[in-house]
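Common to both upcoming complexes is subunit A, partnered first by subunit B, then by subunit C.
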Partner chain A sequence: MTDSINDLLPEGLQDRLPPLAGQAAHIARAMLDNMDSHGYDRVHPPLIEFEQSLAGRMDGVQPRQMFRFVDPRSLRMLALRSDMTVQIGRIAATGLADAPRPLRLCYAGPVARMTGDQLDPSRENMQLGAELIGSDTVAAAAEMVCLAIDALKAAGATGISVDFTLPDLVDTLAREALPLAPEQVDAVRRELDAKDAGGLRDAGGEAYVPLLYATGPFDEAIEKLAAIDAGGTLATRITALRQIAAQAAGKARLTLDPSERHGFEYQSWFGFTLYADGVRGVMGRGGTYHIKGKEEPATGFSLYPEQLADAQGLSADIRPKLFLPIGHDRDVAAALRAEGWRTLAALDAGDDAAKLGCTHRLDGTVPAPL
Partner chain B sequence: MTDSINDLLPEGLQDRLPPLAGQAAHIARAMLDNMDSHGYDRVHPPLIEFEQSLAGRMDGVQPRQMFRFVDPRSLRMLALRSDMTVQIGRIAATGLADAPRPLRLCYAGPVARMTGDQLDPSRENMQLGAELIGSDTVAAAAEMVCLAIDALKAAGATGISVDFTLPDLVDTLAREALPLAPEQVDAVRRELDAKDAGGLRDAGGEAYVPLLYATGPFDEAIEKLAAIDAGGTLATRITALRQIAAQAAGKARLTLDPSERHGFEYQSWFGFTLYADGVRGVMGRGGTYHIKGKEEPATGFSLYPEQLADAQGLSADIRPKLFLPIGHDRDVAAALRAEGWRTLAALDAGDDAAKLGCTHRLDGTVPAPL
Partner chain C sequence: MTKPLTFAVPKGRILDEALPVMARAGVVPESGFHDKSNRSLSFATEKSDMRIIRVRAFDVATFVAFGAAQAGIVGSDVIEEFNYSELYAPVDLDIGHCRLSVAEPVEGAGAEPVANASHLRIATKYPNITSRWFERKGIQAECVKLNGAMELAPTLGLAGRIVDLVSTGRTLEQNGLVEKDRIMPISARLIVNRAALKTDQRVADLVDAFRAIANKAAA
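Coming up: the complex of A and B.
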């Protein structure tokens, strides 16, 4: 094969090689073990479903972003999942419809999308998350924020910060406190997303401008948000945010950006974004949402363990490796593996222990440093 | 959503629910940890590649069985992988082309195919495996057979048996010892696959009939195969099989079925099939093969951890679970989790510990049985 085309991967798709691949797997395990210790049971949905089923479970899911193909069996359209949360929603509404609530589930697996974007050109990611189904209360939101922080710490993340948002803020305000004509709502949302005060005024959203400044460290920003809320429309939201923040206080740096909507396509009253030291971009996202079908409230979050592996870099895999020369005692080798040694057996008398990355060589029954 | 179509999964695709999903993940970890302890480094290729790249790396890979779709970026055909071994071959020939040989790699991930078959209707499976790249010698084959057995045992498999085969047996014999006209070779292969002595005679393969009886427990079957091999064409193969069997002896039940080809589309001189107690069908397969591009010999095997989870059944997940009532001491709960307790925190005063599957309830600082 001299056809080098066969050696290439499509844009946005990549191999993970040693030691980064092992490190990403190790991080994912630590996160899942942490979720398991908090009573979250593992579920494992398939890679592929009917397009209609993936698209219809929650609002805001974009089937146009999924790889799609016709099923030769059913002749219906299938899609490769771009998000596992919708699958967990389906499981909650079907196979686990009769399981007691609240239902605590966790999951991990690859997701793919047809095109990357400027912030993240990759078209495949490992998604890992937890969902608390049957509740979207303050208690549920606080449990999920604290669980996300705990899972990140268990995986070695440092400098964790959590940015709170109110995904349906504009809808809520536009209904009563800061009325907008229906045709203005989208423009106001757009200018808030762009954080453009001038644009906001031009769009008739003068009253929304102060929201742009109710951002930053949580304790100060929530005061600003409370000051804007003259009519008390947001009073229960503000109280809820304070209660969630009180539970997460001391575990991570907390900030508020109440009008942030990016990445919160299906979330309802509460959303949060996770960041960590060294991680380029977002480490994870979560919030409250609503599952169609069984019409259930839920709260959950997703993490991207490969981002953390990239942040931690190559320093992790310097574990000792023990070279087993030809004719070594296999029982001794097995006993050393049981003690935690990583071994590498010579296949051929010419195998070079150092070149193969070994740090030690078995000398009779004793590992000797190379 | 009253549309029940949205609640269904396509034929051959399924959810794994608790506790089976957790058990399959646990089995996969045990296998990967075992491979890691033998010096195999984790790699993680993407779900999707250019169809041509997946199809061109080894002989016998069937692109017709892959889900395929046009890439909106390159306008070339992409495919969802149906086998990860070809991807490991590509990695060995590209990203790890300069890594020292032999190269030891392991991997795990989902694979999908467009249609199931009668033996196994599922269209998605977890594939997990190890590849030893740069060698297809007896030593390499013996290392892989022993590693497969060890990984299965580490995951709790019992009653393991290994069936050896010689995938290119007919080609080898037809060239010299038991000559066949080129147009007869396919028919003889087919009748050997069908284990049909009459059909074999009709196809002009009279001389091949004794192969049908050189099967069964290894020590006896290899004697029968040696007796057939009048010209000594198979002498090196027979010696090799005896050497591999000598290394695996005592670790698993060994059998021989020298003309078995099913599932060995790209293997060269040596193949093996793994079985375990309670596992319906095949637990895994491996053998020697050849990677195109860098033209390298290799030896490897794949396991299907979900098969073992199904065999072990539901008995595994009866771990204690500790209910944490509202207002519990969070530091006490964290300390108990660090000790290995699995906790579940009340969200609401109405949460019922027993209904939620808890076996204990935190009473102050002490877990009390429910």
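Coming up: the complex of A and C.
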């Protein structure tokens, strides 16, 4: 019996049902296997940690957005993780502090946040990612971009598009090349985020307006960025971006948006956003960052496999299912499973193969289509 | 086949001024769009891969933010009110000018002075902008969300002040109100969905077309 009040799930939370749950698991497995094949070792941090260890490892992490409660044992504040990257940072700075660098790690698990918003109301999400710890060089960034594309392709994503950005661009330029008063920096950043040329002028960021135009397909946009490079401050960044793009060329559509900052709260000089066909909004994000405490550079990315499952939808689950009638040959069935068949054995004579979603029926020793 | 682009335009104030600008950018709706008796909400354009939807101004931002429409035109008041992270407002179209202001009854009748208040009740269509603006002044603004005819609120005792769009100030005057503080100037913007801009070249081309027109008009 259902009780419509007590069985209600809180806002932003949902059950994943077949076949989407299976599809999401399949996608996550394909991505993790791909990372594994590139030499990334799996780690599995806990769901709950002390709030301070989650908040202190990187800049820009918002403990206000985490579910928090007091630990009855230690009487300290605990929090449910909202981003696994900080946990990988902690592992790299503690348990694996002495492991040889660069350290390649991958992970997958649920993350939660206190509130969703109108655009994305979900409060629980599956996060999956890889981190390369000990390096934030061009080579490291290029490896991570290529790995992310490869993992997405392994999971069946199509029409992959990668958008490059320079997350600390405003800070770098504001220091010398295009000086801003400290109280102006936030307003300029905000208008750059909204790509609002009018607002940017009003906020005193006139000099930053050309950055809005240096966006679009990578080859054209990087030329524009090079043309407006104020006093050569960005020369090394531009060269680095070109080198990364050269390695990723041909694998995905590449675009550049140097002033994009959304979702790059703790990234340093380089960031990238991943898009794929049919996925509403962002498929994943990555970039270079700094692990506090051990003062170590790192590069990594996170993907959200459930987004891809939603995009691929039901069409993905057309795997054949074989009905095994009562009294079937168990050895034959085992052999077929070893071949890759998915079987479903009858429990009693009344079971209807078609109703149970089977596509084939075992007829003696051969599967016959229903 | 590629999916058609959807371009969202607001009913009312901005639309008349926006149509000529859109036409110069090559966005021209079918004739049924101008027919007042036509109840359709979605219209074809002269381009085969684009359609226009006509919705309320606040919904233009929501459609585009969700990616249900890839681009649209809306006032900066709406953009600021929602503050959607998925919205870009790359082109100021320099049309639909007005301002968002605080207004109160003439000669301060019934309204306590802002300078001493820590809490005010305000009738507005823009609760987010209003509470943010008053927060910066150290005032907790209790917003009563109305969808129109804000000007009635002070006289009927619903709220001491209102925050609303002002263009000439005539409506305020006729209802015994006077404009006090200007919160922000408003003009219409071209808005686009972030993901659409980055993954669909047609959206970037649309931005370029509108930007060229805006630059030409400014020169």
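To be clear about the criterion, the second predicted complex is superposed on the first by the 367 of 370 C-alpha atoms of A that agree within 3 Å, B and C clash if a C-alpha of one lies under 4 Å from a C-alpha of the other, contacts with A are read in each partner's own complex, and residues count from 1 in each chain.
We take it that a contact is a pair of C-beta atoms (placed from the backbone, for glycine too) under 8 Å apart; a residue touches a chain by one contact, two chains touch by 3 or more.
Please read all numbers here as calculations on a predicted model, not as lab measurements.
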- Query: In the superposed arrangement, which partner chain does A:273 touch: subunit B (first), subunit C (second), both, or neither?
  - Reply: second
- Message: Quick one: is A:62 in contact with subunit B, with subunit C, with both, or with neither? Answer first, second, both or neither.
- Response: neither
- Message: If we overlay the two complexes on their shared chain A, which of subunit B and subunit C does A:158 touch? Say first, second, both or neither.
- Response: neither
- Query: With the two structures laid over each other on chain A, which partner does A:342 touch: subunit B (first), subunit C (second), both, or neither?
  - Reply: first
- Query: Where does A:239 make contact in the superposed view: on subunit B (first), on subunit C (second), on both, or on neither?
  - Reply: neither
- Now for A:217: first (subunit B), second (subunit C), both, or neither, which partner does it touch? second
- Could you look at A:365 and tell me whether it touches subunit B, subunit C, both or neither (first, second, both, neither)? neither
- Touch check for A:194: first (subunit B), second (subunit C), both, or neither? second
- Message: Comparing subunit B against subunit C, which has contacts with more of the residues in subunit A?
- Response: B
- Task: Would you mind listing the overlap between the subunit B footprint and the subunit C footprint on subunit A?
- Result: none
- Touching residues (chain side subunit B, partner subunit A) in the complex: 1, 3, 5-19, 21-22, 24-25, 29, 32, 36-39, 41-50, 52-53, 56-57, 67-69, 71-74, 76, 78, 80, 87, 90-91, 93-96, 100, 102, 104-105, 109-110, 112, 114-115, 123-124, 132, 135, 137, 139-140, 143, 292-293, 321, 337, 341-345, 347-348, 351-352, 355-357
- Note on the structure: Per the touch rule, the subunit C residues reaching subunit A in their complex are 62, 65-67, 76, 79, 84-92, 187, 189, 194-195, 198-199, 201, 204, 211
- Note on the structure: subunit C partner, complex, touching residues on subunit A are 118-119, 159, 161, 163, 193-199, 212-213, 215-217, 253, 255, 257, 262, 273, 275, 280-282
